[in-house]
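Below, subunit A partners subunit B and then partners subunit C, in two separate complexes.
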Partner chain A sequence: MSTSALAPPPETPSPPATSRRERRRRKRLEEQASTIPIELYGLRRGTVTAATVCCVLFALFTLVPIYWIVVNSTKTQANLFETFGFWFARPFVFFHNLSLLTQNVGGYGTYLQWLGNTALYAVLGGGGATALAAFAGYGFARFRFRGSRALFYLVIAALLVPITAITIPLYLTYAKAHLINSIWGMILPSLVSPVGVYLMRTYVEVSVPRELIDAARIDGAGEARIFFRVALPLMVPGVMTVLLLSVVLVWNNYFLPLVIFSKNNLYPLTVGIGLWAQRAQGSGNAQLFPMVVIGGLVTIVPLIILFLVLQRYWRGGLLLGSIAN
Partner chain B sequence: MAAVSMEKLTKVYANGVRALDALDLEVGDGEFVVLVGPSGCGKTTALRMVAGLETITAGTLRFGGRVVNDVSPRHRDVAMVFQNYALYPHLSVRQNMGFALENKKVGRAEAERRIRSAAGILGLTGLLGRKPTQLSGGQRQRVAMGRAIVREPSVFCMDEPLSNLDAKLRVQMRGEVLRVHRSIGAATLYVTHDQTEAMTMGDRVAVLRAGRLQQYGTPRELYGTPANLFVASFIGSPAMNLYEAALEGSGEGTAVVLGSQRLTLPAAVLAGRPGLAGYRDRKVIAGIRPEDLAMPDGTAAVAEAGRGARPGGTGPGGTGPGRTGPGESRAGTTGARNAAGAAGGAEPVAYLRAVVRLIEPLGSEQLVHFAIDAPQVREDAGLRAGDQVAEGEIMAAQAANGVARLGAHTPVRPGETATFAVDATRLHFFDPDAGTAIT
Partner chain C sequence: MPRRPHRSGWARRMDRRGLGFVTPFLIAFGLFMVAPLGYAIYTSLYTTRLIGGTTFAGAANYTQVFETGQFWTGVIRVIIFGAIQIPIMLAIAFFFATIFDLGVAKFGRLFRTIFFIPFAVPAVVAAVMWSFLLEPQFGPFTHAANAIGFHNVNFFSSSLMLPTIIVIVIWEWTGYNMVILYTALKSVPRDVVEAAILDDTPLWKIILRIKLPMVRPAIVMLVFLNVIGALQLFTEPLILSYFQPQAVSFAYTPTLYIYNTAIGNSQYNLSAAAAVVLGLVIVIISVVSLVFRRRRGEFA
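Right, the complex of A and B next:
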């Protein structure tokens, strides 16, 4: 029996345990309380309407290609050229077009193979880039070592170099290293993400307090343990952002695989569909135009799904309760 | 063997800032030592060096005789409670407390036992499943302490753990911290900027300023015999009244001159402070605590000086539990002595006339701000005795330059001239150049 029989003094009760919906509702109310309603901005009449109209127009302008591709993926090749571009036309051949993707039309390569390649490069390249960016960002943000600042600037400076300028040297180096026509020729350069490092460093500085790491050190955790069990859970929103960016970058990368690959079965979707688009204009017998359109549509679907799935990680508030404010 | 021993501990940062300068300090087994001082004095730096979170530039740090300068924090057997709690936000209370035990590979059963025991001591048993977001400030602070306790370390480090709590909770938690300390019994190093906390909680208190140790002793020693001006004005609230003064005369007739008033110093005072002999006819700085100024009742005879001046009083600690502030017992003693008071003679009482400027009624007592025509010495403003008294000072002298702490029912009014009874043995004297106490 402990010697301290006295109960601790009563104090302000803790917030009751709540469901996720409750917490989200409360968070929304908090946000409302901390922002100023637009009516109080002191703007001239009509400013908000004008600004909204401009934004809507710009949004429409951005979304038009998406709309176009959705509508035109349902058309036959003839209809693509002959009917109004922004509305459907008979016959509705969406599913037929989809089935075309599974065939190797005219010997120009299979869509599914390319889809598989793209997924592989995206997972390994994008995922790897995210991991490296997370390690690097954590290192830059929370460790003091000589030359850290210079090294960080060097990483950022890499952004200044346009890919076209280093294409020839890249090709020659990779050829020497037997990385041409190898998946590693695509994945290794993708692992380098200066933007990712910069984002992670900034995010770690904001979301992983130094004191938490101090506390973990005192609690006897080694550095690796501290990173994976203490820092990483707090870095999740940042990591998910960098993951999405990296995956999208690799998925949409056209130039690098164009340089690296000359074998058809290694192409990612970008290069493959680009090949179709080229051939479509050339040869008349293959019905390649609808395939280009539907291919493009199917290409963006996984990215949209990824975006929707990762959205829930962009919830703030992970730090509440850790640090007294 | 001392639990923690700091020998000439120094910290110099890369930009040349000397955060800590040759600190010598020892914490005994089971002792509760408080490091106190204004911001930037190096107390947190010292604490972090003990915990292993800062490198040591020079000096030796020993835990129980073992030199730990280059030992990483995980091998030092020290636990820390942070000012901002630093709880792992994604882990529950139980997991927070168990994290260190996992790292040390303590078995599940043993870990569970320790967590339960600590939760019991701190009143957290019902909260083990919650996350830090779902706890109030006081509860989080207790979880932070629990996390330290389960490790059963040999040294506890606490970095201002109560400063993020509201005032009332802070006072309650002071008692909690001491209660936990008593039941655990490990050596504790506690950092705070609040001198009240330091005085009410510490077995011994170290006062630091600008990286240097000013004095290290029990609260009583710090209050009663401050080693220098800084300690004298830092400890005690309201701060000690300090004035430029001069000693006149010799032998029996020594007096301290405060402005236009002469306070005779009886032989007892001179005997107790042999160093004063060297300051005859020289400038000194004289200090008197607000608690040591009493109001003679009405205009009664000198003999009845001080009777009924003070109720049982609240020492410098306010309403806190824990130990009695050293001022409290003193007030009782002085009051009793004066009341028992014989017809003058044996009592070393001198009188100080002052103009009352402002009265702050606190309910249990009154803080009476007064003015005398002696120049005030303000340690915090950085004015050193010996500065020329400028025009501004004369103007300032029109306003209040002293505070007295009197009973709630003592009749005083602003604008009146009051006569305070001063117990001459309670006067403090300091060298005007060095600021050190004259003993």
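Right, the complex of A and C next:
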């Protein structure tokens, strides 16, 4: 599976790109070809400027908090409150703040451990959810069996169920089954992604032709082989999209771990930072506020990098939800 | 065509293979979705007391939920929240998706990437950042409001709390909605738009009369998902309450009420009943909006 996931999206059978720059150039040309030249719309002069200004304004709104967290990750607690929020201040304690993330300050838990936990939950939970969704989406899209439609609608209806109606009973069940403070209590529920199944089914409908599957059957291929060799390579953009969405969903999940974990060495980042934020106000511990800030920064950096790296794989897949109905 | 000597045998084989693909998911779905929901409904029908243990309570917990005014205040609050936040966010998202689709802004790809960044920020971290930015004493935005003449603005006061949360959620989700709308707009066939241009159709008409109707399925899906999210608003108010404990009440949103009732007060039965009621509210609102749309002929 990992080898096919690294292959380029199959629906653009362009010759192998010689270099990164060449690939970029080709992509830009493709984009230009699919866009109607703006002169044709008969736009007034200044439209481009006005549109760009709007983009700049919204980009500022988007980046202000990010800029703020970068600047303030370099400050002491006193400077955090007493100096101008949008500029640096002396002393520059970024690396000191960073080093706090490896320590168990105040006994609330160690950030580094939370980071590891989050990565573990996101990889196992998000990856597992994607695998289950890919199988199920293919099953629902390309097989008709007794009750398949009813089952699919049941899965969609699950979107309407509030997380509280799932999490509170899970907590009560875990208490009886000694799953409180077990990583499986977090990972196993993360495997269920109704949105993932819905997206994968839609994607298979449009990107894996029935004729191809029938042809493989005539050639005598088994169903598992057809899935891995014929269908899966065609599903890569969809799989990447669902993988990214599932990983982000688990990475950012707050409610489930907040309810089920009582030992702080099992916390994911969200619950840990939430705890720090809560205690920083009351405890008077002079290090917690800077730790909340630098902890927040270190939390978002891996995901932003993941997005930028995987961008070209999943963008095409985002459409898939919208073709339904 | 393959030879089919045993038609029923072939059909049954298909049946089994299809189920084989679906079963792993269905097992997880049953254990971690259907079973907990069933248990929530079961629990909501019982009462647990320190003395006397667990007894069947019938609808008593539901009666209590229906009589809890603050639960319904919370329900109305999240409905107002969604009714304001979702249209504003979708309008902004559609506006920028259109700009990028037309290619009328410079550096379109760069802006698209920037707008999507908040999706990578957990709600917890987003709420923490905005708490600092808007903090009533030292927040830079509070200073800015002071500087331009709005003195003593408190973004966390009871009257401004909901607008503050609306801004935070718009910040978090506009980029994601924009990317989906952009991708949908890209799929509008080029010749349709070209024909309109040849007819001298003004640009606003091309956007609102041709493109908008063609991306309606995407918009319907986004409304549906955003409504479900809005009704379960939880993380942002909870984190804000850490910074401003007096600003967010025990039952500020239904999910906060359910959480505090269960985890804070250990009233699991009551909390389960409230969770079931919230689920029914979500179902009712979704069905009503679906029926409303169908009456307007959009699903015909």
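The rule is simple: the second predicted complex is superposed on the first by the 256 of 325 C-alpha atoms of A that agree within 3 Å, B and C clash if a C-alpha of one lies under 4 Å from a C-alpha of the other, contacts with A are read in each partner's own complex, and residues count from 1 in each chain.
Following the convention adopted for this analysis, a contact is a pair of C-beta atoms (placed from the backbone, for glycine too) under 8 Å apart; a residue touches a chain by one contact, two chains touch by 3 or more.
This structure is a prediction, so every number in the text was calculated from the model and none was measured.
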Open item on the list: I'd like to know which partner A:A165 touches here: subunit B for first, subunit C for second, both or neither.
Closed with: second
Open item on the list: I want to verify the contact counts: of subunit B and subunit C, which reaches more residues of subunit A?
Closed with: C
Open item on the list: Touch test for A:L43: subunit B only (first), subunit C only (second), both, or neither?
Closed with: second
Open item on the list: By the touch definition at the top of the document, which applies to A:P233: first (subunit B), second (subunit C), both, or neither?
Closed with: first
Open item on the list: With both complexes superposed on chain A, which partner does A:V155 reach: first (subunit B), second (subunit C), both or neither?
Closed with: second
Open item on the list: In the overlaid three-chain picture, which partner chain does A:R225 touch, first (subunit B) or second (subunit C), both, or neither?
Closed with: first
TODO: Give one of first, second, both or neither to describe whether A:L100 is in contact with subunit B, with subunit C, with both, or with none.
DONE: neither
- [ ] Pick one for A:R217: touches subunit B only (first), subunit C only (second), both, or neither.
- [x] both
TODO: Identify the partner contact of A:V70: answer first if only subunit B is touched, second if only subunit C is, both if each is, neither if none is.
DONE: neither
Task: Footprint overlap on subunit A, where subunit B in one structure and subunit C in the other make contact - done: 214, 217-218, 318-319, 321-324
- [ ] Report the residues of subunit B in contact with subunit A in the complex, numbered from low to high.
- [x] 51-53, 72-74, 78-80, 82-90, 99-100, 103-104, 117, 120-123, 127, 130-140, 142, 147, 151, 164, 169, 172, 176, 179-180, 183
Open item on the list: Per the contact definition, I'd like the list of subunit C residues that touch subunit A in the complex.
Closed with: 2, 14-22, 24-26, 28-29, 31-33, 36-37, 39-40, 43, 92, 95-96, 99, 101-108, 111, 113-126, 128-133, 137-140, 143, 171, 174-175, 179-180, 183-184, 186-187, 190, 193-194, 197, 203, 206, 215, 217-218, 220-221, 224-225, 228, 231-232, 234-235, 238-239, 242-243, 245, 255, 258-259, 262-263, 268, 271-272, 274-276, 278-279, 282-283, 286, 299
Task: Residues of subunit A that touch subunit B when the two form their complex - done: 2-4, 6-9, 11-17, 209, 211-212, 214-222, 225, 229-230, 233-234, 317-324
Open item on the list: Can you tell me which positions in subunit A touch subunit C when the two form their complex?
Closed with: 34-36, 38, 40-43, 47-48, 51-52, 54-55, 58-59, 61-66, 68-69, 72, 80-82, 84-86, 132-133, 135-136, 138-140, 142-146, 148, 151, 155, 158-173, 188-189, 191-192, 194, 197, 214, 217-218, 223, 227, 248, 251-252, 254-255, 259, 269-270, 273-274, 277-278, 281, 292-293, 296, 299-300, 303-304, 306-308, 311, 315-316, 318-319, 321-325
